[in-house]
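Shared between the two complexes below is subunit A, which has subunit B as its partner in the first and subunit C in the second.
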Partner chain A sequence: MLSVRLEKDVPDVVVSLSGNLDMMTGEVLQETIKSLDSAQVHSLTFSIGGLDFIDSTGVGQLLKYYKRCAAKDICFRIENDNPEIEEILKIIGIRELVES
Partner chain B sequence: MGSEHCQSENAFRPHNRVSVHPYEEYHSKYGSCRPVREFEIAGKGDISLIRREVDRFFADRLAFWSEVRLPILITLSEAVTNVVKFTPGGKLMIFAGEAGPCFHIIDHGGGLDLDVLLCIISGKRFSTYSSLGMGFPIMVRFAEEVTVYTSEQGTILVLQFDLDRIVKENSAV
Partner chain C sequence: MLVKMGELQAEDNLDVSSDLPGKAGIVDGRLIVEEPVGNGAWPVIIPCEGVKVFVNGEPVSRPFVVETAADVSFHVLDQKPQSAYEILLSPDKMKVTLRTRFVKGMEFKLCDREPAQKLKLKTEPVRELQPQALDFRQVLKEIQDLKIRTRIDLEALASACRNLEDVEAVIAEGIPAQPPVHGRIERVWELQAQDAEESSEEERVDHRERNRILSVDAGDVLAHWHPPIPGKPGRNVFGQLVQPPEPKNAALRAGRGVKLVSGGTVAVAEKAGRPVIRGNVVSVSPQMIIEGNVDLKTGNIRFKGDVVVFGSVCESMEIDAGGQVEVMGDVCQAQITAGADVIVKGKVISSSISAGQHLVGLFRSLALVKKVIPELYKLSAACAQLQQHPNFSTKDLSDSGAGYLIKLLLEMRFPGIPKSFAKLGEILANINCELQEEEFSDLIARMRGIAKCFVDGGPLTITSREALDAMGNDLQHLAEEMVKYLEYPANITASYCQNATLEATGDIAITGSLAYGSDMVAGGSIEIAGDCRCGTYQAKQTIRVGTAGSKGIGKTYFSVPEGGTITAKQFYPGVRLKIGSDLRVINSMWYDHTFRELDSLSAEAANG
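So, the complex of A and B:
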């Protein structure tokens, strides 16, 4: 189960995630992101400290949004205060690309 | 069972925690072993179901499961996700030895490309095999031993964990 909450709308979007982000739940997040008008987005921040679980498929989905933002010159951040989730981000290498 | 390490002459060891063996060796080594639980892997719904069932199973049996559960569940999730994404399906067998849990993930795919595996282990992330490229380093990070049996008949991953190591690393965070 994944809960996606739009904390702040355009232009500086903050999306808060809680629950599990994996292959099963990624579509829920995809629907929220699709609903945004990218032309109006200046920055996109994911707040993921509330996640109980994330695997490489979930991180891969965030990485996909990072790449799209980079292509459109949109600032992209992942905020997280959960050390176990942070370790997964570091192992996969996303922290070399995305600031916290 | 959790602490057994393969000593096959035919083994290829691309990493100190990873060894690759001929598929036939799996049956001679584990053919007589009986799992404590078994799950079919057929679709993406099985990933969270397996995670939930494994969590419940070991929570009742391992006193310090809460201290080791996340690294083990993530590792297992990566392996099961690879079966769902890249193969027609397979199954998970769980063994509970004295040293801790051991997982056998069996798929009916076309076998693992060892060149790709080497690339991933050598640190080339975000390959075209994006999920395997990101998931395998997680398995290698948390499992004590990743033993791969692969051929055109499919692939079997045996994941063994050193629970003491995980507890020590968690307490150091």
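So, the complex of A and C:
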């Protein structure tokens, strides 16, 4: 189960995630991101401290949004105060690309 | 200080000559004190190291004024003898050593001192104090507490404890593993070739008897394998088994054109050709014999094995051989590419010769493979770390394999791995295996297969971390195979060389009178017996020539990397030398000299 909350709308979007971000739940997040008018987005921040679990598909999904933002020169961040999930991000190496 | 006369009292004694300072001295180790007279200064005692000084029972370390000897007491410190030991266990747990250290002590006393107003204390040695022997029982107990299972050498232990000498005595030893006897391959054909050389008196063109062109016929015994004898395990001091190393050459392998008989201990040629041994693989490289010249009649030669030309290689002709090329005549305006050595008995003129070009690619591949193997193990470790992480869901991995996770890791944390494999793929693609042995082609194909798994969408095909580990291990094995190939660099030998281009992964040797206007690149050394005029000569190790350069205007350029040497009987002015990154031009004649560094030429330039 994934809960996606749009904390702040365009231009500086903040999306808060809690629950599980995995291959089964990724679509929920995708719908939220699709609903944004990308032309008006200046920055996109994911707040993922509420996640309990993440899998490689979930990490891949975040990476996909990072790449899209980078291509459009949109500032991309992942905020996280959950040390367990942070450890996963570090092992995968996403922290070498995306700032917190 | 200014003293006003009016301030003095009438009874004050103004006769300073009657003032005498107090004194303190040491007599027979005891303090004596003389009080001062009149306004004379009071005696002062200055303590020193090695003496504890007490005034009225209180310790004092700074200079102090003494009134009476009874107030002061001394305690002279002695250097105590030391008896110390350490019990050492060797890293392999095969030896327990007792290291002893005995230091003699010294007893001191106060030096007698003449009475003086300022008495500086001093001590002097009286006698040596011998250290005590070590407590044998205590040391033995400590050793026994280590739970050593092998015999303790009580005699050595007692001697080390008793003898008051610094020693490292071995107290207990394990039983070392008996090393194995490595398997050995005895090359029979080399013995036969030597026999043939000794016995033949006239030249005969027969495959069996031409020892200059080493060849064997079908059925010939090539090698005997003396199987390895495994070592015997030993025991360490704790009684644990210590396994001997695995013996090398654990098996004889038959390569192309070879059959193993007698239970795999004898290698026999299945067809005629040149015997080749690489590691523990014995094979026979097929030979193509050209009785005359390579010219329009024969056409260009392309052959998987060795090519032997009894005539010359004529204008515009090409030889491309997977093995060795031997030309009895000359090579004029022609091209030879060989997987192994090229031997030209005659002259090489305006031609291009390349020996072992495929090994250059292999060498570059090996460097990349060695770099990437540890990274693969780190990648596998990262996978394992994630798979065991309590907050990392692995359901998608069990559904569709670890490929996607590996791809993510490669993209984000290990981007160097796909880059290295992409580069490896490029190098491998340029290695022409068409004329090489099957083993070599197989090696390259396997490396290409692994490289593919790490570029573009390749990682998605990796099903599990175990598969990733298997690829790492496979790559390690392939690297060992590559090293075996690189142990046999390809050399070029010719008697004369003019306006030619020679490239060899091994050495280049020009045995005759002249190398002129040629470009040579050797992975090993260059040796030119005669004159070397004009051209560029680059070697990875050493260059040795008869005469370097000439009085003429052509440029002769020699280059070796740092640590390499350039030697000649004569160096003419104008010759350019490069050692490492240092490039200099010779300004005067040099005789019988080896350049290891070019500082001597700086001196020449300064003097000139």
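Keep in mind that, in the parts below, the second predicted complex is superposed on the first by the 100 of 100 C-alpha atoms of A that agree within 3 Å, B and C clash if a C-alpha of one lies under 4 Å from a C-alpha of the other, contacts with A are read in each partner's own complex, and residues count from 1 in each chain.
By our rule, a residue touches a chain if its C-beta (ideal position, glycine included) is under 8 Å from a C-beta of that chain, and two chains touch if they have at least 3 such contacts.
These numbers come from a predicted model, not from an experiment.
Trainee: Looking at A:G93 after the superposition, I want to know if it touches subunit B, subunit C, both of them or none. Which is it: first, second, both, neither?
Mentor: Both partners, subunit B and subunit C.
Trainee: More residues of subunit A are touched by which partner: subunit B or subunit C?
Mentor: Between subunit B and subunit C, the winner on subunit A residue contacts is C.
Trainee: For A:E84, using the defined touch cut-off, is the partner it touches subunit B, subunit C, both, or neither? Pick first, second, both or neither.
Mentor: Both subunit B and subunit C are touched by A:E84.
Trainee: Tell me which partner A:F53 touches in the superposition: subunit B (first), subunit C (second), both or neither.
Mentor: both
Trainee: According to the stated criteria, A:D22 is in contact with first (subunit B), second (subunit C), both, or neither; which is it?
Mentor: A:D22 contacts both subunit B and subunit C.
Trainee: Share the list of subunit A residues that count as touching for subunit B in one structure and for subunit C in the other.
Mentor: 20, 22-23, 53, 55-57, 59-60, 63, 84, 87-88, 91-93
Trainee: Could you list, by residue number, the parts of subunit C that touch subunit A in their complex?
Mentor: 382, 385-386, 389-397, 399, 404-405, 408-409, 411-414
Trainee: Per the contact definition, I'd like the list of subunit A residues that touch subunit B in the complex.
Mentor: Its residues touching subunit B are 20, 22-25, 53, 55-57, 59-60, 63, 83-84, 87-88, 91-93.
Trainee: For a test of understanding, state which residues of subunit A touch subunit C in their complex under the given definition.
Mentor: By the definition above, subunit A touches subunit C via 20, 22-23, 51-60, 63, 84-85, 87-88, 91-94, 96-97.
Trainee: Would you tell me which residues of subunit B are touching subunit A in their complex?
Mentor: Within the complex, subunit B contacts subunit A at residues 44-45, 47-48, 51, 70, 73-74, 77-78, 81, 84-85, 125-126, 130-131, 134-135, 137-138, 141, 173.
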